[in-house]
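Heads up, the thing below is written out as structure tokens.
We just call them A, B, C and D in the order they show up, numbering each chain from 1.
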Amino acid sequence: MSMRKISFGEAIREAIDEEMARDSRVFMIGEDIGAAGSVFKIFTGLQETYGPERIIDSPISEAGIAGIGVGAAMTGMRPIVDIMFGDFTTMVMDQMTNQAAKTHYMSGGKLKVPMVLRTTMGAGRASAAQHSQSLHVWLSHIPGMKVVVPSTPRDAKGLLKSAIRDDNPVAFFEDKTMYAWAGEVPDTEYLIPLGEAEVKREGRDITIVAISSMVHEALSAAEALAEIGVEAEVVDPRTISPLDTDLLIASARKTSRALVVDEGCQQYGVTGEIASVIADGAFYYLDAPVKRLGAMDVPVPFAPTLEGATIPDAPAIIEIAKILCGKA
Amino acid sequence: MAIDRNGSPAPDAEAWLELYERMFKIRCFEEKADDLYTRGHMPGIAHLYIGEEAVAVGICSVLRSDDYITSTHRGHGHCLAKGADPYRMFAELLGRSDGYCRGKGGSMHIADQETGNLGANGIVGGSTSIVAGAALSAKLRGTDQVAVAFFGDGALGQGQLYESMNMAQLWQLPVIYVCENNYYGEYTPNNLTIAGEILDRAKAFGIEAQEVDGQNVLAVQRAAQTVVERARAGQGPAFLQCTTYRYRGHHVGDVDRPYRTRDEEEHWQQNRDPLQNLKQEMADHTQVTPEVVNELETAVRTEVERTAEEALSAAAPSVSEVGLHVYA
Amino acid sequence: MSMRKISFGEAIREAIDEEMARDSRVFMIGEDIGAAGSVFKIFTGLQETYGPERIIDSPISEAGIAGIGVGAAMTGMRPIVDIMFGDFTTMVMDQMTNQAAKTHYMSGGKLKVPMVLRTTMGAGRASAAQHSQSLHVWLSHIPGMKVVVPSTPRDAKGLLKSAIRDDNPVAFFEDKTMYAWAGEVPDTEYLIPLGEAEVKREGRDITIVAISSMVHEALSAAEALAEIGVEAEVVDPRTISPLDTDLLIASARKTSRALVVDEGCQQYGVTGEIASVIADGAFYYLDAPVKRLGAMDVPVPFAPTLEGATIPDAPAIIEIAKILCGKA
Amino acid sequence: MAIDRNGSPAPDAEAWLELYERMFKIRCFEEKADDLYTRGHMPGIAHLYIGEEAVAVGICSVLRSDDYITSTHRGHGHCLAKGADPYRMFAELLGRSDGYCRGKGGSMHIADQETGNLGANGIVGGSTSIVAGAALSAKLRGTDQVAVAFFGDGALGQGQLYESMNMAQLWQLPVIYVCENNYYGEYTPNNLTIAGEILDRAKAFGIEAQEVDGQNVLAVQRAAQTVVERARAGQGPAFLQCTTYRYRGHHVGDVDRPYRTRDEEEHWQQNRDPLQNLKQEMADHTQVTPEVVNELETAVRTEVERTAEEALSAAAPSVSEVGLHVYA
């Protein structure tokens, strides 16, 4: 399959462009996504193509536009609600949790809410505590929601197209530090199903489960570990709800060691769920405890010297992997 | 279409009788629901609409079945007025699989897609943005459907309502905001919770707003007719404050009602009962005889009783259904 | 120390009463907490004692009153914000997460936010999906927040008094099904420090970590297990953030088996964090995988037959414990 | 206290000069901040207040240092106007430990308890309920402090503002809502996001509201004087819409500004500059000579430059501080 290189941001844009072209029920609503093309400048020109009725600039009303998404989805549309910073999903928790995620169940399967909540995650831009959070674990706790955390342009495009076509509410988290990163995507149309993890690098000595941008930290850690004879298998869940537990457990059973890396805060975060799933499912195969590496449990500080210390990175991954593999 | 005597054409006996029948059906349904609760047949609680029948019936009398409504915790009246089947409603109240939600929703979550009812809602104000989404959907799909939000005076405390009104007016969405002002939110009189003038809260967004006697079904119908026609013609949202009163407690278990006086309750029931009002109108201005009304009442009550008893013998959902409908 | 029996609700009320009497900076704001004494009727008379200025009936504005709590706490008061149902904490996530929890850190330690967010959790009342959730894991994920989940009147009173005196934002979750349950509390004033778990029952064969009302399910399970020779140790964290990891790990090391029980949904819930902490800290002592028992990952259904199936209970605990202890 | 010439007593040269000095200091500070960013010294971004100086200075000129303000992402001007030290502000912008937040907050989170500044805020509308809490706190503590909320026109989209205004009016809280209407929210002109009349949104709650020329510091001061005195006397909240304009981009990196015309920008800068306005007033109505003004300008600019350079050589916080201040 012939490929071409595009950025993560372009991948997001292409997915939306293709789905809007193919399905008139798809529209997007959010702040500064129209003429401005979003604050991350990934949608430049999209409003010219689809008009202000389908690329809707909203007031600064996160709760309101999320609710509008729910109502539009219930009545035959496929809204994409754009929440600029993941930190602001704190304002749409009621609409997503009490309405979007529960409507299908509460109505005994009659009503559907096929909407996508697109938002961001990831620190590292000196944006301080209210513009740097990775809050993807919250909606993963809510039955009825699906939660996607792509790590590459290829996954981002294929998964977003699937999310838009999904009949359920899907929260889609984009690491804002990755928008400019380039990667290969197929030339022709493709979809990546929700709920399937992918092995990003094969290895026999340790399983490193990594999420979103942490996949790249894990991969560079794996390179360094290879030099000391440790072959790490890097597994990317890609969708954290539903979670592809089979693949995660199989990998850990094979390598007998596991480390889970995520940029959300460690306490009560994604690493806890995944680590406990592996520790249970691979219990009789493990040579060492399953370790977790989440963001430091502090609000993200502004000063870059401090901020850097809170984010999981390759060196930290290497250090833990070495200990687990008795190479420390 | 019935128009009251201040309008023209002349009184339409049949239409008025139909309005009466709908209101009476709601009252019987609610009295029966209360009875089912008191006799220990109904799990949980329910919020009865008794006393407020003219609001739901007046508004819904000018709606098409493909128009949308969003409802509240006090939703039985809206549901029936929009055309729902009492049997399936009772079955839902009793948690049976014949219920509108197969027993998964209960009193506070009945939804009925066929009649455009997007659902009762347990979140006060929760549907105020959903309704704008349904209206936006209608607009994007190029239909002339309108969307009506029923909500109580308590929902005026929720910021989401203002976010919704701002966007509905900006985008000229076909939304009718129907505030059922019954002067109390749970056990608190709303002079403690509402500052300023209710109508001004809609006018501030440039939305046409008026107060209506919610105990006079003909007045409600007339007001609704105008604003629904405007909305259908693409002339934007409107806000109706319908003053009304709930005869019973906040919910079926609220029997003492220390927060208000018996005198106040009697005043409304004696002088402002929506059923008595319309009966009088019919007596004064049509040929409809008391006998006809009595026959109709007996027929309706018998039918409601029958459906309730039928629902009592309906099957509960099998436990195997608990995991169904989480995802579409 | 001489004791007396009071209900869980009375314990909550006594804690607030005592702290308000002792510290004029303490006040409470919420819906229907004044003359109505809360919908759970636990505050009857409190407003007469302290007046409407210190027991404030608010409009239905969860976000607003949470924000008011933050501002009052920043400026020398010690607010208690009452959010009637835990399901509605979905509306205060921004105020708690982006403001309350981060203010002290973002201000470099200058500003403090000594507020308590009191709310409820727990299903089992046929209240359906929007009035039955246990969402305590969300704020436990947020650094800067403390989260308390008492299981007995004694703990509830002692912990709430400590929470009110704490200089940090504390979320306090009360299982609404326990309000009427009675238990012993000391006659004289006492405090229970935040962050200390308690062994509610000693045992050598398996550690059952249980939260809030699940402690009682665990204790009755332990009684049944004792009859077949399995001595379960029941550990109640009481505070889930900060979490008393030492005690949990020590117990699991002693018993070599562990089960974590919580009424929040299992996926990405409290059980994941605690299970992964134990699986890691007690790895070399465990004879079996650490198991988790959270609520079924579905919205809480209305029909009692279905609802019951979603809540963890003694029989389910016994079944898992038997398997872990080879008694199945 | 300066009162403009439409009022009495006669022009007070000294007071006017002081107002001028404060506004000029803000402008110098912001120009320097921009310079620090452009030269790559400042991490992250900052939102400059240039062009809007008269609003913060006019309002704060009638406040006591124990009065509270809550601020926004565009907060430098409010901070300086309330009396903050430029050196500690620059140090914070640069992420140094001499900063107001020890480098943890940065531009968007500067708070200064000593001068009653409860903090800038990265959440649009985030402080609108916090300010009501500060005002409630003052009322409960029996002081006559007032609390001023600065917020942009964009915050009119946030429902929280309406919840706050409702409660402030209900409880007659000493809150002054200052809406800085600069006609844009980020890259979107606010005619796309605001329906109806801004002032009506406050009047709807019974709150006294007026529009003020935000480029005329004397007009702002006069308006503020009246409403602050009323609030201090216990006569409740008020709302001021100050029309103004930001000369620079939304943030320091927004240099192209395709969303508005250069003509529009020039019009404001040429004809409505707050500094030029006041200079003219002084020339027309006082003995203050251009020389005096020039001397003052040089002195202020030199001082601002000096503090910035000093901040540049201040120490960054040690990494060991990253875990401090999470909990009080």
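Methods note: a contact is a pair of C-beta atoms (placed from the backbone, for glycine too) under 8 Å apart; a residue touches a chain by one contact, two chains touch by 3 or more.
A quick note: this is a predicted structure, and the numbers were derived from the prediction, not measured.
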| query | Based on CA centres, what chain would you say lies at the far end from chain A? | reply | B
| request: Any chance you could check whether A-B or B-C wins on number of contacting C-beta pairs? | output: A-B
| query | Roughly how many whole angstrom separate the Cα centroids of chain A and chain B? | reply | 41
| task | Provide the C-alpha centroid distance between chain A and chain C, rounded to the nearest whole angstrom. | result | 30
| request: Please report how many Å separate the Cα centroid of chain A from that of chain D, as a whole number. | output: 37
| For chain A, what residues touch not just one other chain but two or more? | 58-59, 61, 63-64, 87-88, 94, 98, 105-106, 128-130, 143-144, 297-299, 301
| note | Residue numbers in chain D touching two or more further chains are 101, 103-105, 109, 121-123, 126, 156-160, 163, 166-167, 170, 192-194, 326
| Which of the residues in chain C end up touching chain B in this complex? | 31-32, 34-36, 39, 57-61, 63-64, 87-88, 125-131, 296-299, 301-306, 309-310
| note | The chain C residues in contact with chain A across the complex are 87-88, 90-91, 93-94, 97-98, 101-102, 105-106, 128-130, 133, 135, 137-138, 140-144, 240-241, 243, 264-265, 267-273, 275-277, 279-281, 283, 286, 288-292, 297-299, 301
| remark: Interface with chain B, chain D side, in the complex: residues 156-163, 165-167, 169-170, 192-197, 200-201, 203-207
| remark: Residue set of chain B touching chain C in the complex reads 43-45, 92, 95-96, 101, 103-106, 108-109, 121-125, 154-159, 185-188, 192-194, 258-259, 316-317, 319, 321-323, 326
| query | Along chain A, where are the residues that touch chain B in the complex? | reply | 25, 27, 53-54, 56, 58-59, 61, 63-77, 79, 94-95, 98-99, 103-112, 114, 143-144, 146, 167-168
